[in-house]
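What follows is a set of structures for review.
Look for chain A in each of the two complexes below; its partner is chain B in the first and chain C in the second.
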Partner chain A sequence: MRGWGLPLVSAAFVLILAEATQRAGLLPSVVPAPSLVLLQAWDNPALVSNNCLATLGTATAGYVVAMTVTFAASALAAMLYRLYGAVYNLGLTLHAIPVIAATPLLAILIGGGPPLRVLIAALSCQFPMLVGMMQGMRAADSRQRELMHVLAASRADTWRYLLLPAALPFVFAGLKIAAPSAILGAITAEWAGADRGVGAVMLNALFSFDVAKVWLSVLLTCILSAGTYGIWALAESHLLRWKISAENFP
Partner chain B sequence: MFLRAPLIALISIALAGLVWQGLVVALHVPHYVIPAPDAIVAAAISQRHVLLAQAGFTVRATLIGLVVSLAFALACAVGFTRSREAERAALPLLIAFRSAPVPAIAPIAMLFLGRGIGTSILVVTIVSFFPLLVNLMRGLASVDRNAAELFHVYGAGFWQVFGMLRLPTALPFLFTGLRIAGAAALLGAMLSEWITGSHGLGNLILESADMRETELLWAAVLMSVGIAMGLFWLTATGERIVTRGA
Partner chain C sequence: MSRDIVLHAVSMLFHGREADLLALDKVDLEIPAGRFVSLIGPSGCGKSTLLRLIADILKPHSGRILLGGDSPRAARLARAIGVVFQAPTLLPWRTVRQNVELPLKIVGSAVARGASPDEMIRLVGLEGFENALPHELSGGMQQRAAIARALVLRPRILLLDEPFGALDEITRQRMNLELLRIWAESGTTALLVTHSIAEAVFMSDEVHIMSARPGRITGTVPIDLPRPRDLAMMRGREFFDCVNKVRDGLFGYEGIPGPVPVEAF
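Take a look at the complex of A and B:
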């Protein structure tokens, strides 16, 4: 926790400074006092929770879809090595298609409803997952595999004691990086027309020039994307404690 | 010889277009799902004024933003090579900027600058600043040790070392940064047009999708791909011209 002191202090300083200068009338009207943004959330708890849940639901659905598909694809690539390059390139190509080009085209194909937003969220987070899983499945050293063979380990034992532990750090890295992308993908998809969600709130507030609500939606965007990253980072540090302690071993 | 890469690209695009046309015609795909290339070209020609005007807006925002960003990055890089303290003081702030996603930057930029080109330029500047700065810093730091010693022995001043040694060393790195920043810049411009909803290719894509003008939609999407490839080719060509002289 020691590394947190200075950033927290400077963030608090910036917030207090903003509050004071806004109260003194020194800031333009497009920068609201931080207390006003918080008050906005305090007054409309339903607005915050409903829209955050909508975005979180879309992002989670997309995340799970992407996780399932990339797991299947990387398992396929691990079993049939000839497909390795093809799977990787397919993921890279999908990653290279910008959201802004994909969304309208997909909207025409599958309609503009929730499935579209889930698909966009899935598309925007699949690549880091795919890279992590594909790297993870190849992570076990061939000498270690040989050792398991020499020890006459069963397939299940090899999987449990060698392949899974070797893969987990890479898989976690991929899942962790992908989590904010799923949130941001869901919010971008909501810009294209959704009645609920943080992105919808943002767009409505922008067009009615509701400054405090715009900042609130931006704040929620940051909290959601950083929070999902943080959850994975926490899970990683608990589940992979053996790895961290092994890294610290001299 | 700089034209060979675009020529190959054109030939492969033409081939892909032929296959596309054949598939659409053979499988009777309805035009509102995937239009045939000839219909897209026809739509692009008949609506060329709209298409070119909006593409021009996007390109202008992207290029101006890139230039502003480059100027800032260069200034910061010079400052950081002059004093380590400046780097240590400014870097956390810059990293905070770097980690703010476009969906968070764009609405705030719009609050400040309204729905015109200014918002796009600001977003492009912020998005492309970091790759440019990182690559410039790496380039400025990777001077040859012997050459640096020679400059020191000759008693060269900071600006002499900078202009004759550091900057020429940094040029290839700068182009790498430009190539990364260029793609991010175009995307940033189009995303901010999406949210401001007034001008530009990004807005045209969204609007033509809403109006179910599929041909115009595809024309706009393909146009944005073409602009991205053009930017890439421009930086690659610039790099070859500049580094050949060095």
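Take a look at the complex of A and C:
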């Protein structure tokens, strides 16, 4: 756990500073004392866990859908190179649509239930995944491909021994970046009318001007985003030891 | 003695953006089995192209190539060819042993003719580094691992495309000596592409000289130095006679009067 000292110390410093300045009456009322926000969570553990689980469920479902679709699309593009540009452009176009505008339109189209929220989460996180996979599948250089040719490797063996391992660093970069996007997508979708979820808590708190609860929902969003990113970073550091070792080599 | 590599009127044409480039023009070449033969020539003379045609990486525009009576494709599919590229081209996520093992993994357990990876690693002098990743090795050591990988299936033909071109002079001399020892032990037919006259003479039984645009074999110098070769021979009269013959073959052909830049050393 190297390198955690400084971030922890600086976070503690900011919290203490906010607490002190708020108590001294130096901060506006929209910035509550951190203790007040944490007290909200302490008093209402069910509020935190229920809504976090709902958002996490939606985000995970969307993430898995996006992973499946982008993997299929990039595998198709890798096999049929003619489709490469089309797949890329489609992913980019979908990514460029503002989620906040698309959500009500999609709600009219497919209704406002869980499928809508999963779809929005999937749309929000698909592009970094797609870029990672598309770049990754082209990561093996021509020399390495020539080597597999000289060894008369089958297509399956070329994938297994060269193309997939070469793709992994790019794929992991995409998966890491996509994780917080899935959480943010799920929360945005919850604004379109969900009875549970961090997004629902956020919206209710905003309308009832419950400042501490708004901040709590922001805090929970950050924790979920950073946490899902961290899970992939951890998986990466275990699976790609060679890459990290090569990057840190003198 | 049987002929292992036979090229008959092999031409190679590259389609350029503006004009076609005749990279090789009716090249004839015969290499007896078990020999060490070099191709030498200036950059762009098509010597690497010739090697890649033999390795079945490229297809000739016309002419015939036979490797022990088979087409290059058949020889490649039978894993009769080992290739060492200019760059080591090791897979960075595999350890030295896993890289050397790769050809065995691809061939599968059906073919039992392969050497053990550890035996090959010992042959190239990398024992103790079996579990190292490529980036932890020096350039020379990486190329040793690549040679071990090329030999692990016991190929009949070993193709070497300027394998030590990126190494410093001292490492290069040492690697040349090592390569001769490995070649003598493995009993393969070796074809080395190089642009160093001294290296070509020191290593080979025969040096074929190539000229550029279009690529042609313009001369052959037999090297009658005894084997095993050692560095002391590089000071001998016979060695210099051979070096001079190769140099005359390279620069005499162009017919440029006056001093010419010697890039070969």
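One rule holds for everything that comes next: the second predicted complex is superposed on the first by the 237 of 250 C-alpha atoms of A that agree within 3 Å, B and C clash if a C-alpha of one lies under 4 Å from a C-alpha of the other, contacts with A are read in each partner's own complex, and residues count from 1 in each chain.
Criterion: contacts are C-beta pairs under 8 Å (C-beta built on N, C-alpha and C of every residue); 3 or more make two chains touch, one makes a residue touch a chain.
Predicted, not measured: the structure shown is a model, and the values here were computed from it.
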**OP:** Mind working out whether A:201 is in touch with chain B, chain C, both or neither, as first, second, both or neither?
**Re:** neither
**OP:** For A:222, select first, second, both or neither according to whether it touches chain B, chain C, the two together, or no partner.
**Re:** first
**OP:** Name the contact category of A:87: first (chain B only), second (chain C only), both, or neither.
**Re:** neither
Original post:
Thinking of the overlay built on chain A, is A:150 touched by chain B (first), by chain C (second), by both, or by neither?
Top reply: second
**OP:** Answer with first, second, both or neither: which of chain B and chain C does A:52 touch in the superposed model?
**Re:** neither
**OP:** Name the contact category of A:133: first (chain B only), second (chain C only), both, or neither.
**Re:** neither
Original post:
chain B or chain C: which reaches more residues on chain A?
Top reply: B
Subject >> Touching residues on chain A, where the partner in the complex is chain C >> reply: 143-144, 146-154, 157, 161-162, 165, 240, 242-243, 245-246, 249
Original post:
chain B touches which residues of chain A in the complex?
Top reply: 7, 28, 30, 98-101, 103-105, 107-109, 180, 184, 187-188, 191-193, 199, 202-203, 205-206, 211, 214-215, 217-218, 221-222, 225
Original post:
In their complex, what parts of chain C are in touch with chain A?
Top reply: 55-57, 76-77, 79, 81, 83, 85, 87, 89, 91-93, 102-103, 105-106, 133, 135-136
Original post:
Touching chain A in the complex: which residues of chain B?
Top reply: 32-33, 92, 100-104, 107-108, 110-112, 187, 190-191, 194-195, 202, 205-206, 208-210, 212, 214, 217-218, 221, 224-225
